[in-house]
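Worksheet: the structure to be examined is printed underneath.
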Amino acid sequence: MNAEQPVLEITGLSISLPGGGDRKHAVEDVSFSVAPGEIVCVVGESGSGKSVTAFSVMGLLAKVLKPVAGSIRLEGEDLLSATPQRLRALRGDRMAMIFQEPMTALNPVLTIGDQIEEVLRIHTELGPEERRARVIDMMASMRLPDPERIHASYPHQISGGQRQRVMIAAALVLDPALLIADEPTTALDVTTQAQILKLIKELQGRRGTGVLFITHDFGVVAEIADRVVVMEQGRVVEQGPAEQVLKAPQHPYTRMLIAAVPSLKPALRQPMTGPMALETIGLGKTYRSGGLFQKQRSVVAASQVDIKLRRGETVGIVGESGSGKTTVARCVARLMPPSEGAILVPDIDIAMLPERRLRPYRRKIQVVFQDPFRSLNPRRTVGDSIIEGPVNFGLAPAQALERARGLMSLVGLQPQALDRYPHQFSGGQRQRIAIARALAMEPEILIADEAVSALDVSVQRQVLNLLADVQEKFNLAILFITHDLRVAAQICDRIVVMEKGVIVEQGPTGAVFSAPAHAYTKALIEAAPGKSFGL
Amino acid sequence: MLGYLLRRLLATIPVLVIVAVLVFLMLRLTPGDPAAIIAGDNATTQQIELIRNRLGLDQPILTQFGIWAGNLLQGNLGESFFFKKTIGELILGRIEPTLSLAFLTIVIAVSVAVPLGVLAAYRHGSWIDRIVMGFSVLGFSVPVFVIGYLLIYIFAISLGWFPVQGYQPLADGFGGFIQRLILPAITLSVIYIALIARMTRASVLEVLSEDYIRTARAKGQVERIILFRHALKNAAVPIVTVVGIGIALLIGGVVVTESVYAIPGLGRLTVDAVLARDYPTIQAVILLFSAVYVAINLAIDMAYMLFDPRIRY
Amino acid sequence: MSAEPSLIAAPAPELARPGANAMRRLLRNPAVLIGGTVLLIMALIGLLAPFLGTMDPGAINPATRNKKPGFERTIRADDGSSKVFVHKMGTDSLGRDVYSRVVYGARVSLIIAVSVAACSVFLGLIIGLLAGYIRALDGVIMRVMDGLMAIPAILLAIAVVSLFRAGLAAVIVAIIVPEIPRVVRLVRSIVLSVREEPYVEAAIMQGTRVPLLLVRHILPNTIAPLIVQGTFIAASAILVEAILSFLGIGIPPETPTWGNIMAEGRSLFRIFPHNILYPGIFLGLTVLAVNMLGDGLRDTLDPKMAGR
């Protein structure tokens, strides 16, 4: 333990939740501290109260959330009883915060330089020249390329990673005692995430800043944390040094969370020899916009994509945002027509078929979408959603309902729940329903487009297990689109790595992970957080 | 940038062509004989024939459109039956009062409505907010001529502060000009203020819930600067847009207000032309107003760049 | 995985099935209650006009021209008996009872409000669905709509009435024409955004054909916004009718409408302001009630647009 006074000390903090919720407190009896130069990770799943805790420190809680007990002390000063003026003086100066979405957290109509300098204008008496010099200097230490140019740029003109660096620069320019980072890398690609994490660790180490780091990702925790606070349902269930919590977790919830993180080491798999289910040849998609009175613009989203998928096999397409992986999935599902190439299922080319002739093949290919909250029609019962496809293809409603009941028990839900509406289910349950709906069509090919990315790790694992079960049962060919290498390592037989619209590497999962051939694949694997901890 | 301007200008041409076609077709699709309607109920067959001939209604419809559009392109708007003048002259003689009225109205409306809207958004849920919103609903609900007569009754008849009706050209002295214009402008601005204040409030409210406002608070910024520096500039695009769209409302209001205050402008001309079934004049006035409306909104589109750096052409 | 954004921004918005509890929420909204009640009263006034102490609203009487409110007139019946009729709101320059005309005027305004709203929403919905879902039609339809939108609404209405012989039907058509493009745009934008929703794409993957797709998955999303929009159209229809009548180009002057009563009262406004005041109050109150109802409906049915 650090003998110095902690920069942040939270004792017995409870925050009430306005009526109607499933629990009385958003946060209950939370106590922990952050020492100077220390990174404390608060980790938990959605609804754990980790972000509410962070915002209560800054005094930025929504008005309906009120701290009802406990204290928050910043360098010994009580924040809960501080006046609004005093809190304003402390914010930006002694405590600073960075957020999840660096795009929306920056004002789109003000220049970058202006927005960093704002902190200096508020809290210092520096003149314009000194402010500018200091900001340029700070930007250089963020390793932002060409600080002069970025100083004069607007947020939309720089990349996501650069925006987050700008946010960090604005947060650290006055050397605050405490930096609060609320999921600062969640919205970033994995390689960018690795750079930002490294930067935060390096800067706070050099400056002795205490960091309160909010995350849901144990990989990130393993990368960066000195100490870990695990929260569940608004309460702290375990805290301690990172080494101890990660290696020897005490509380069952912590153990479950850590066990649920998919390993980067792929399981041993036999090569699949089943019949071919799907083959794309030279698949490409170019988006064109503009018309008679507009500039013509065209973007190549994917080109020369050759993928083979057999029955019973799972092929993962991995890549970062802009890699074209989702475009490929949508073309294969024929949610849009490709610009070129062929899609064989397995002997008829559906790439350019008009909707009318495509219909018989619709039932062979089904999709599970990313967002479980938007993939079910909120106005229709779950049962209506599941039987829609079979009834479209001529099955009598009564028989379709019978099939739906069977599928509900198969995906681990009660058949009686068929007449409920989607809002009565959790995200994980809805994803099960979406899988049941896809299976109701008795497909041969299932496309999972980031199907587990929006789920908490514990739920993610259950859905992945379910996918593996139904694959075996129905001899499904699964095309699994993901940005998450860990998930890909666990579920895929073969992996296709895409970068900027083209395939850079593909092969059996084991081979790709143990001996990546392409530099980009190496970088992706290298950047996966928590690797050093053997997670 | 220049290229964009050109493309946008070109893109307005189809809209104006469609307006012209619609306006042209309207007259030709009239159930019954337009010549007979124009001639009135007790006209002789010869009179009707004469009108049909002068309008070119005996020609095939495509030829008619060709002649009319050709004249239009040369700036020849045709001749009014009723006023016995070319329409060009007619419009020129009526343009000053309408322009003055519209300009004064916009100035009053924007300078009252934007601060009210910002205030209402900032004090969201307070009595100020409720009064502004209440006023705006009321402003949408009372017809402009009722407001006009109400103001005349109070300020011109009872208090005697302003003349009751009429217009004085700017050339005859600014004092009399503005004294006669102020009541009509206030009358006309009521609905416009309601519209702009409502949009300003909504737009600022939405911006105030954005993440970057939270970032500014996290920096320790005071609310006043957050409101004016961070929020208002972001809220500007929808506000300016509604000012442009509101021009349509304004043009409609001009027609009524000029009738109430006996102002000899284009609005009054429109009503007189409709009452006299003076179709060439109706066509010309509608085309003119629509062209102005489209042009103003094009200019506003261009002005977006001043407020939002993301918009680059 | 999001970091509980709903907790920080505001209390979690109810992710309930749209339409669930809508009725209960509506009845709790003061704007809906007040607006609805006032409208109900106006509708009853219009319906029950003959029983509200009125006389024939068209009865011309040279003996009672231009009387101030409260003027008492003795009416002799055929059997020789006589009774006193009080002109509560005075008379106009033809000696007609203003109160009776105002009460009967409620009928015309409400008929126009309802028929214009229903027709423009219905036509706009059909055209908007076609434009939103059939690419080949989209360009043509939207260019025509752009053209119609470029003509200021009242001018377009004036132009349309000038084509017909004055009458109720002409006025209704004249008000509908400028409203349609606004509804079309609304419907089209909803269709375009909803068809990107994953649940619509899922239905496409289920082999659902386009007509069913539109009716089952897309149409329900337009209902709440269209109810709201229809209410605002009703309000503007009442206003535009009054304006057209006031300008003397609307419904024939012998028909009692609020706009006609005011148009008739224009010339003697300085001496007899009541001829504009009373119908003006009824008109303003009715439109206010419709607008309040619209605001209330929007706040409850269409929370995304609340406060606009």
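Letters A, B and C name the chains as they come in the text, with residue numbers starting at 1 for each one.
Operating definition for what follows: a residue touches a chain if its C-beta (ideal position, glycine included) is under 8 Å from a C-beta of that chain, and two chains touch if they have at least 3 such contacts.
Everything numeric in this text was worked out from a predicted model, so none of it was measured.
> Have a look at B-C versus A-B and report the one with more C-beta pairs in contact.
B-C
> Of the other chains, whose C-alpha centre is the longest way from the centre of subunit C?
Relative to subunit C, the chain with the farthest C-alpha centre is A.
> Could you give the separation in Å between the centres of subunit A and subunit B, each centre being the mean of its C-alpha atoms?
About 49 Å separates the centre of subunit A from that of subunit B.
> Mind checking the centre-to-centre distance between subunit B and subunit C? Centres are C-alpha means, answer in whole Å.
About 22 Å, centre to centre.
> At least two partner chains per residue is the criterion; list those residues in subunit C.
Answer for subunit C, listing residues that touch two or more other chains: 9.
> Give the residues of subunit B that touch two or more other chains, as numbers and ranges in rising order.
If we look for residues of subunit B contacting two or more partner chains, we find none.
> Of all residues in subunit A, which are in touch with two or more distinct other chains?
60
> Give every residue of subunit C touching subunit B within the complex, in rising order.
Subunit C residues touching subunit B: 9, 143-144, 146-148, 150-156, 158-164, 235, 239, 242-243, 246-249, 262, 269-270, 273, 276, 280, 283-284, 287-288, 290-292, 295, 307-308.
> Please give the residue numbers of subunit C that touch subunit A in the complex, ascending.
1-5, 7-12, 15-20, 197-199, 201-209, 212, 216-217, 220
> Residues of subunit B touching subunit A in their complex?
My answer: residues 3, 7-8, 10-11, 210-212, 214-222, 229-230, 233-234, 307-310.
> Name, in rising order, each residue of subunit A that touches subunit B in their complex.
Within the complex, subunit A contacts subunit B at residues 58, 60, 88-93, 96-97, 99, 101, 104-110, 118-119, 122-123, 154, 156, 167, 170, 292-295.
> Given the complex with subunit C, which residues does subunit A contribute to the contact?
Its residues touching subunit C are 18, 20-21, 26, 45-52, 55, 60-62, 64-65, 100, 182-183, 186, 214, 216, 333, 335, 359, 362-363, 365-367, 369-371, 373-380, 385, 388-389, 392-393, 421-423, 434, 437-438, 441, 453-456.
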